[in-house]
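Please read the structure below before turning to the comments.
Think of it as A, B, C and D in the order they're written, each chain with its own count starting at 1.
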């Protein structure tokens, strides 16, 4: 079996998620290639080395430009903050590498379109990793919709709620600065809701939006640990949204609401959607990620109800590779599934979904959201081709 | 339309529930007779008078013997503590009255059998009011089972949990004294579980049981208010079970567990059952009384799940007389339904379920439970005919 | 005890809810007056007579003008469709009657303001019956917020979802015609969400909205039964919204979303809100009306969670008058509570909340919503004084 | 850092779970030793080789006796069917190896006691891997109880429900044969409930039990895949219980019920317990393994409720090594946690819980259960020392 050499650029939260995902894909799934954890690349060599040892990366590097141009690298996987996605991805594509990039594809629509142009021109396999698409329960949602079990869709209700910055003393980490993160709750978590809506219902055509920054100044960080940081004495300005609210129209007759916030106390990772159609409805909440709720209007009237489906059966996508029914999966498994589909896509010469065009389409919705929040007007969403 | 005169013996918690149920039955349902709230009977005339005014009873009385022998009374409804059920019911039956009696039918199996013999001999319509049978969600459970949606039943799991006497300073009210109540959690709430099991699955043939009294002495009450009382300084002995646990075999191949306790902190009126069969399963919890959970093994494998059915549609028993779908009912409604069925039973000349025979059959299970708890042996349940 | 004579104008769905509510208030609560069900008024005498007999109204009438001017009437209660609220309420106020009016107060903001002016001028006690305010779990929500258990409120998330007109063959009943109903899902159910938001969080200052009519033509009805009707062969135009979506800003720093629809298959009466503050969060869904969910950020970090509180304890508003803990209430009970508060308000010479000013304020939000949906712009909400 | 060489005996379902657990422990946790996946041992070399490659075992072997006596092996981990546990474990202990053994410790109490005697005599670190103890939500349950948040415990309610053999055509796999599995649902899943009860509440002193085999004959298997098998044409006798029910008394005043069955349609891996004490209650269901429900009687009366705690915070055991709050874990993680504790135990020279004595104590309860089911009598549970 041919070996595929992977280089991972970035080693923190997402670096661990991707390292683990790649390794677990190889352990649990039948793959067309044998993936090798070839190079882990990060600016802090010692910290990078430590992660590399934990997950079995063969080498570490500190210069991504050198890495993406190495002859022996087949796949470049980008998990750095959004401000560097464009440069790395474009360089990797030019070097003929297949490319995976964490979401959101870029911090701006302009950059995202450049990235899509680059991989299209290079003809490389590409994936923008909106991981929630590969949760088995979400795949079941897609299957139900594709089979027509929901009929004509009328409503999408997407809320992605977290609560990790309610405390005004939480430090001003990079995710709260526009230059690094592009936007706040909107791009970080709202982007997932938008991608899921597009995946399940179709394209958003126009929207009106409201963004809000509740805490306008925060302590500058001194040292960073994972997603948090030690708060220093000096204050800095929060330059992104704490919350973003959207009303949207879809192609067809569906309408929808989106809400992304990091100020919903008690909601830890509440990535929830509900979809109502003429024949059925579905609901999902990532905090109970192994379940999909499904209501079928086809059931006899006296026994209709929301079914709590445990998407842990062999009949559900990806599940048979893991454990028996009822032995649920966790957050990290969807990353393994992404690598499974990416490697199979390489073998088939076809990018798995969502490719960079789709990633850029999400950026188009984010872009429209920020413009609408600024103007107070309904705004058309650009259609990426 | 003919008027049916009702006499109610007892005026406290159950007195209010029956007064209200009778009045609401007449307001919301099409009935074959016009029921009249003729006499409310209680030993404390002033207190009885007060309840009578609230609900519109025409008269009050203090001597039940006189009442049950009045010419103008058609129905005698008994809601006193269990130690007086037998005498009143037998007298009423002898006087040719139709009889309703709150559960448990009697404090002892011997008394229960006398009561059943008396109404059988008199040929009067009779009902032992196990109210939970007439919750629409429970009726839906019965319908599903009758239609075979569960297939062959293998498991019954009945728990009736409350927490109102966890505090050791809660006073020694009549429900904690054997001479008045017959037994403790067993007869008060466990009897409901047993009746529901019989209703839904069939007869219990033999069982082994364990009873426990956690708090052996409590303050004697000074004044009583509703179900509680003011604790006095003197202590008295608790002579009933605080909890009762049963393993049981049913006719056919089903087996079951029962648990009744008043020491399950956080469970207020958790009358729950789960039934598993070869084709499907159902679960019910009175704390969410408008819902029935149903799992169908007939659904396609990838979309099987527990349906949370809101039993609030016109398609569900009794519901169309009340409010639109999703506008749930409360505790008291099942009492109205009992009167609806009783009056319709009178018109049809047929006792509604559960009649006194069935009530006595529950007493047979209670009796076997106490005997087994005493002996530590498996015990056969007497079959009442 | 003084008797208060009530006249009820309207006898259908809301007529039954108010008849029952008034009668149950008198049966279960200690009231300052003895309310008498004096006159039930409806245009169809026979149908009105039938309801009157069921609930014990002393008389029936067909001419509301005569009724509101009767000397012996103390309270006029209006439950007709919205297009007649103004005329009846203004006349009743002029006649010096205390007035209750079902929500929404009127079909237009202009009418609503006239009504508020009329009762203010007449100095009569007045109530716009947004019934969900008097569900015990909602009262608990209010209490928690008032006590500061949520801290500074940032998010309101109100969805009122139903599914009763998903079928395109459902007939064009009066609730789907603008001239009778004013608006569609917006005024019928969205109005409740708006009132609850105002009650719990404060005034909406400005908003942007989207309304949608999914099914534009429906069969004209032939005969009506309850909320439904027999579909005829001729088609008519639906002139109200099937769904309404709102983004809103509140006084203070809170922001919110509202959604009202009758096209959410599987949601029967899903009147749900979630509120997030700096110290805690709450959530409520009427389909589980006896529960309030509460998350306290004050709990120790390792044991924080959403508490499912059964608002069925004596410690909760209105509950001690009914049944023991865990013996839940139903839809109709909140109507009884409205009468309890209205009669107590009369005794105190003070209108209970929400009075007609508050009712008109809800109309101001509805009015702003329709204007925004028309213009696509953010719109300021008029402040009623 | 010193390297610890592990040999794993068995490679199927549990072989994969342990291989993965060991590898993940090393990737995500700070450990006192570097564990090496040295030898994977199975009778079918080709199949063993395949698993070894997936997870990175250095060597494969087919003769366990040779393996347990290898000089370079530090730890022997046993995941074969129960009938070989004793021989392997005793040999490993005699060879001075530290020993991990999957639950139940043995198929019989006699064997279990021999195993405990062997490791005690050898002075090696030992663990019987009841994996559910190391689910973070279960550890939180233990913490709450240890801190007294539940007060005096009165009730344990353990149900472990599955549904994978409801189909009578499901083949007679080894788990349905007494000679290989020892018992059926009882030892396979009921053992977990018993261990959890012991862990959380204390020792079971005596019990009465009922076992049942619903399907007495099944098709003999031809080929096996994972937990299932192809059904052949010949029939064989099922020699274990399909379901086991227990009433139990604990040291102290607690009483409990246990139920283990594979015939609860719709319950996939419903390992649930509820514990009620004088101050609080807790409930857990593995199908929602990231949640613990907790009811505190110390909360103010009007805001008491079952808190749904997501045990995914850094404040919860093991969690900080994985992902951020709300990013739940899956079935396999508890196996990693077992290796973490085992290696830390080796460093400290102390066996982690539950050691072989505790494993044998579970066998004592299983043994008492089978004896009681046979005799119909209450039976004392042997106390292992």
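Convention: a contact is a pair of C-beta atoms (placed from the backbone, for glycine too) under 8 Å apart; a residue touches a chain by one contact, two chains touch by 3 or more.
These numbers come from a predicted model, not from an experiment.
A.B. asks: Any chance you could name the chains that touch subunit A and subunit C both?
C.D. replies: Touching subunit A as well as subunit C, we find B, D.
A.B. asks: Between chain pairs B-D and C-D, which one is joined by a greater number of C-beta pairs in contact?
C.D. replies: Most C-beta pairs in contact, of the two: B-D.
A.B. asks: If you take the mean of the Cα atoms for each chain, which one ends up farthest from subunit D?
C.D. replies: C
A.B. asks: Distance from the CA centroid of subunit C to that of subunit D, rounded to the nearest Å?
C.D. replies: Computed from C-alpha means, the inter-chain centre distance equals 54 Å.
A.B. asks: How many angstrom between the C-alpha centroids of subunit D and subunit A?
C.D. replies: Distance between chain centres, rounded to whole Å: 35 Å.
A.B. asks: With chain centres taken as the means of their Cα atoms, state the distance from subunit B to subunit D in Å.
C.D. replies: Subunit B and subunit D have C-alpha centres separated by 41 Å.
A.B. asks: Do you know which subunit C residues sit against two or more other chains?
C.D. replies: In subunit C, 267, 304-306, 310, 313 touch at least two other chains.
A.B. asks: Considering only the defined contacts, which subunit D positions touch subunit C in the complex?
C.D. replies: Contact set of subunit D toward subunit C: 140, 143-144, 149, 292-294, 299, 301-310, 313, 315-316.
A.B. asks: Under the touch definition given earlier, write down the residues of subunit C that touch subunit B in their complex.
C.D. replies: Touching subunit B: residues 13, 17, 20, 23, 26-28, 54-56, 162, 164, 226-227, 267-270, 286-290, 310, 312-313, 322-333 of subunit C.
A.B. asks: In the complex formed with subunit A, which residues of subunit C make contact?
C.D. replies: By the definition above, subunit C touches subunit A via 154-155, 157, 159, 161, 163, 166, 208-210, 212, 214, 243, 245-247, 249, 253, 255, 257, 259, 261, 263-267, 274, 276-281, 295, 297, 304-306, 376-378.
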